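This report concerns only the one structure given below.
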Amino acid sequence: MTKMTAQELELFLHSHFPDVEQRSFHVERVEDGFAEVRMVYHERHLRPGGTISGPSLMTLADTAMYMAVLAMIGPVALAVTTNMNINFLRKPAPADVIGQARLLKLGKRLAVGEVIMYSEGEADPVAHATLTYSIPPDRASI
Amino acid sequence: MTKMTAQELELFLHSHFPDVEQRSFHVERVEDGFAEVRMVYHERHLRPGGTISGPSLMTLADTAMYMAVLAMIGPVALAVTTNMNINFLRKPAPADVIGQARLLKLGKRLAVGEVIMYSEGEADPVAHATLTYSIPPDRASI
Amino acid sequence: MTKMTAQELELFLHSHFPDVEQRSFHVERVEDGFAEVRMVYHERHLRPGGTISGPSLMTLADTAMYMAVLAMIGPVALAVTTNMNINFLRKPAPADVIGQARLLKLGKRLAVGEVIMYSEGEADPVAHATLTYSIPPDRASI
Amino acid sequence: MTKMTAQELELFLHSHFPDVEQRSFHVERVEDGFAEVRMVYHERHLRPGGTISGPSLMTLADTAMYMAVLAMIGPVALAVTTNMNINFLRKPAPADVIGQARLLKLGKRLAVGEVIMYSEGEADPVAHATLTYSIPPDRASI
């Protein structure tokens, strides 16, 4: 069962990560072990050739997975990514990108999940990531 | 559209990889961009503690992905795995393990897919892998 | 043998990726199959807790690997990352981070390398990444 | 400082993993945060085309990393691999393969390391793996 709504997650994200970059992210949907995050298109995400840059997609993957974890364990700012493996599949169009994160495991110490990323309106994914999060022993809430 | 049936794929697998290890694998189901392979339980898959060994799960992931690729491009023995990333999620029980491979991309030169693995009868996955296959330029059939 | 000097690589980087983010990167050293890139410390790299953010380290890994590839094949803007696997090892101090990229393979179609990242003045690495680059068939120079 | 010699590690390996497959492995050298393991050539490691199979290389990577971890923490049978990312770089000749494992991090809960694999007598690596080991909280020795 989720402990935070999409709205609470987005508020948490924006208040704890107040830099410009984070403000492009919107938490669209949260379900049991699942979170969907939209990265709003902005010129600064581009790389030469007019496609969304790799680091922007990696930030989206990281954010979507973080939201999926927090949705289940509550607001714990200190969970940290320990591993990310990302495959870039297609050149993303200059458009919003949607990241759908699904938890594969939520243990006491580690959470593992995958994030599949789509350009708005496209059926084929632009990237796929697998991530591991380390959950702090005390889970100190904020 | 698939170019090979589950039966044809299994025949191809067993005739080209005739060693004992491969004979534990059965191709259960094939769909567009998808293959399901069963690894029949055998004592030699065990590691201390009575769980299925990591290398056995990696072989299952590799085989399931290979079947999903061949189903789409036809019998090409020379496709080779270039990358595998695998997360071990739970200790698998001493039972059959089912690997479900889904292609994320099937390009001319590279195929990327993911394989999720379940112990027979269990709902939570025991492992998850992402693989990249390099497809030879000529696709010489056999 | 290298085809570009550190100075030429840095010039190429800054002229083709003119956004603010890239201007933090300096190409410090280039050798056969090796490139060292410094990410100059800047507040915008931080995440809560005062450590350098994951996406900043991923951008460094990507840039260092790109420089190591270009040093060997010459200025090819269209080489693209197809896979990155990164392990975050220690919380990086708020300081410059040095990324050292070493090519493991430089094929006609794929380059594979690893990047180890250190905080300035520290002996233990803060992150380690493995990357695959797809090299376009024609290698059209710019 | 290492807690086990190469000889002690090999004895531990062969007594805890007594199956045929493991008997091909010899622990050749152990240093601080480093272990070198030889996989003796055997026909059963082959795949069609006469090269060493992927699963054999994955087993070597796993074993070499395990030896590097145990060398530092002592004989703990319950350490488990949680993640492996492996890049297959070149077709390995039908010969012994040497795996050199280096720890990148040895924490209380996680160890991260990389393994580079060479065919006997060759300068270019055949494969490179990054692995994460989960270390049990109690580190119960055997």
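Think of it as A, B, C and D in the order they're written, each chain with its own count starting at 1.
In this text, a residue touches a chain if its C-beta (ideal position, glycine included) is under 8 Å from a C-beta of that chain, and two chains touch if they have at least 3 such contacts.
Predicted, not measured: the structure shown is a model, and the values here were computed from it.
When each chain is reduced to the average of its Cα atoms, D sits farthest from subunit A. Two chain pairs, A-D and B-D, are compared here, and B-D has more C-beta pairs in contact (counted per touch definition above).
Subunit A and subunit D have CA centres that are 33 Å apart.
One inter-chain figure worth recording: subunit B and subunit D are separated by 23 Å, centre to centre, where each centre is the mean of the chain's CA atoms. The set of subunit C residues touching two or more other chains comprises 82-83, 85, 87, 132.
Chain contact summary for the complex, subunit C toward subunit A: residues 16-17, 19, 21, 44, 47-49, 54-55, 58-59, 62, 77-78, 80-88, 91. Put simply, subunit D touches subunit C in their complex at residues 85, 87, 89-90, 104-105, 112, 114, 116, 124-125, 128, 130, 132. Across the complex, subunit A meets subunit D through its residues 82-83, 85, 109-110, 132, 134.
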